[in-house]
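Should a chain be cited, it is by its letter among A, B, C and D, assigned in written order, with residues numbered from 1 in that chain.
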Amino acid sequence: MFKHQVSYRVRYADTDQMRFMYYGNYARLFEIGRVESLRTLGCHYTELEKTGVWMPVIDLQSRYLKPAFYDDELVIETRIPSLPAARILFEYEISRTDGVVIHEAKTTLVFLSCSTGKPCRAPDLLKSALLPFFH
Amino acid sequence: MFKHQVSYRVRYADTDQMRFMYYGNYARLFEIGRVESLRTLGCHYTELEKTGVWMPVIDLQSRYLKPAFYDDELVIETRIPSLPAARILFEYEISRTDGVVIHEAKTTLVFLSCSTGKPCRAPDLLKSALLPFFH
Amino acid sequence: MFKHQVSYRVRYADTDQMRFMYYGNYARLFEIGRVESLRTLGCHYTELEKTGVWMPVIDLQSRYLKPAFYDDELVIETRIPSLPAARILFEYEISRTDGVVIHEAKTTLVFLSCSTGKPCRAPDLLKSALLPFFH
Amino acid sequence: MFKHQVSYRVRYADTDQMRFMYYGNYARLFEIGRVESLRTLGCHYTELEKTGVWMPVIDLQSRYLKPAFYDDELVIETRIPSLPAARILFEYEISRTDGVVIHEAKTTLVFLSCSTGKPCRAPDLLKSALLPFFH
């Protein structure tokens, strides 16, 4: 399994009038987890797109265990539990700096050809970057 | 079961560089579905909050069947499948005007006392508004 | 001068922990004002883009006179004070339903060729739609 | 004058279908510039709020010189040109890593008492932090 951590500071833009991070704004955190975890593997999302592949999210499952508040410094842990084939699964665990897990989520993404809009296989660039973590 | 429909126009603010509505922006649509469906029952979210109750989302499940595009006029169908107790479940089906369903989602919300931050029972205002739909 | 009004309901997604609409979220309201005002002239933004023209904002001036709160039903008045040439100016006045003006803003947009990314003239579709208001 | 720099990575969440950062999303960058510049002075926004003071934006002026694109790493330079009194002015210059300035903006904020909602003077915490830069 591949794991990666990145931190995120909650902004005023993220909060709502309950003083919580708005439930829709966690999607940005998952995106940051995905992109930054792949970047550490030398696998830049912009380069994946240049190979003609888009990766839209087709499934999202999110559990809000505790609220996140303004100025909290969160840790986003991203995991890729298996090698991608027609799809790629990302799992996320978001914690406060005191270690308390406040959020768990999963997203499934597919690979689409930018030109045809049809599903395609995972790019070699991505598979070869992940291969060392799965043997 | 209680059902309600409201329309939503996709804005530039909602799109991303794939030309799709960004996956995090559907949460706004679910919020609109929840609030406008309750409003038709005479149950205004601002009045629920005035009774000292917040309703944070604790679980979200989203299936992105087809993309939504700029200027699409979507129909958000919101369903409340059962009477609320400690929690309330909302189900959503988002369609294009040609009737094609592009998104399905579920959210679970809890009731929190604004003053203590602790879970509480569903407000009577909400339960009595929904009661006629469940017998 | 061309004038148009459209209403907007403030959502939880728009609020921040001051309980105000977040200052960055007014941009969505201006966008709605622009697009819906042009739509009433039969001038659809998607059709303008199909003629190969993008209209990015190059200047924004915003005055926050009073806060907007959750569930407020705002009226966005959009004005086009002059015929577009290399640029188009939109002015906005946002009011509560009691008539109190809470926000004033101006945006300047340019016309860009989608293919070259270079500035171009205002599309004929847009100019001919606006012409009757300026003589 | 007080100056500060912080970097920002443009996310998919920030882009729109022109492939540009959506014009409304720059407000988040200015917020980051304000908060992180004050943090380096030991002046935490959360602590300012604990002294009973809110700082809403009352004026925003933004010039979009060049677009920002997905995954661009931007530098936000924030300047406070004068000591705050009833208001505080922030100026921003946003550059790409190649040094090209793509955006210039100014925001004016006022100080509001959280309890009364009325204007108040700049908190001493903030004034004493800035004083060394203005003599």
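In this text, a contact is a pair of C-beta atoms (placed from the backbone, for glycine too) under 8 Å apart; a residue touches a chain by one contact, two chains touch by 3 or more.
Given the structure is predicted, the values throughout are model-derived calculations rather than measurements.
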item: Same or different contact residues where chain C meets its copy chain B, judged by the half mark; value: same
item: Remotest chain, chain A as reference, centres from CA atoms; value: C
item: Length of the line joining the C-alpha centres of chain A and chain B, rounded to whole Å; value: 24
item: Between chain B and chain C, centroid-to-centroid distance (C-alpha), Å; value: 28
item: Chain A-chain C separation of Cα centroids, rounded to whole Å; value: 33
item: Contacts with two or more other chains, residues of chain C listed in rising order; value: 12-13, 22, 24, 27-28, 31, 70
item: Touching residues (chain side chain B, partner chain A) in the complex; value: 18, 20, 22-28, 31, 54, 56-65, 67
item: Contacting residues of chain C [partner chain B, same complex]; value: 11-13, 27-28, 31-32, 35, 44-46, 70-71
item: Interface residues, chain A side, partner chain C - complex; value: 12-13, 15-17, 19, 22, 24, 70
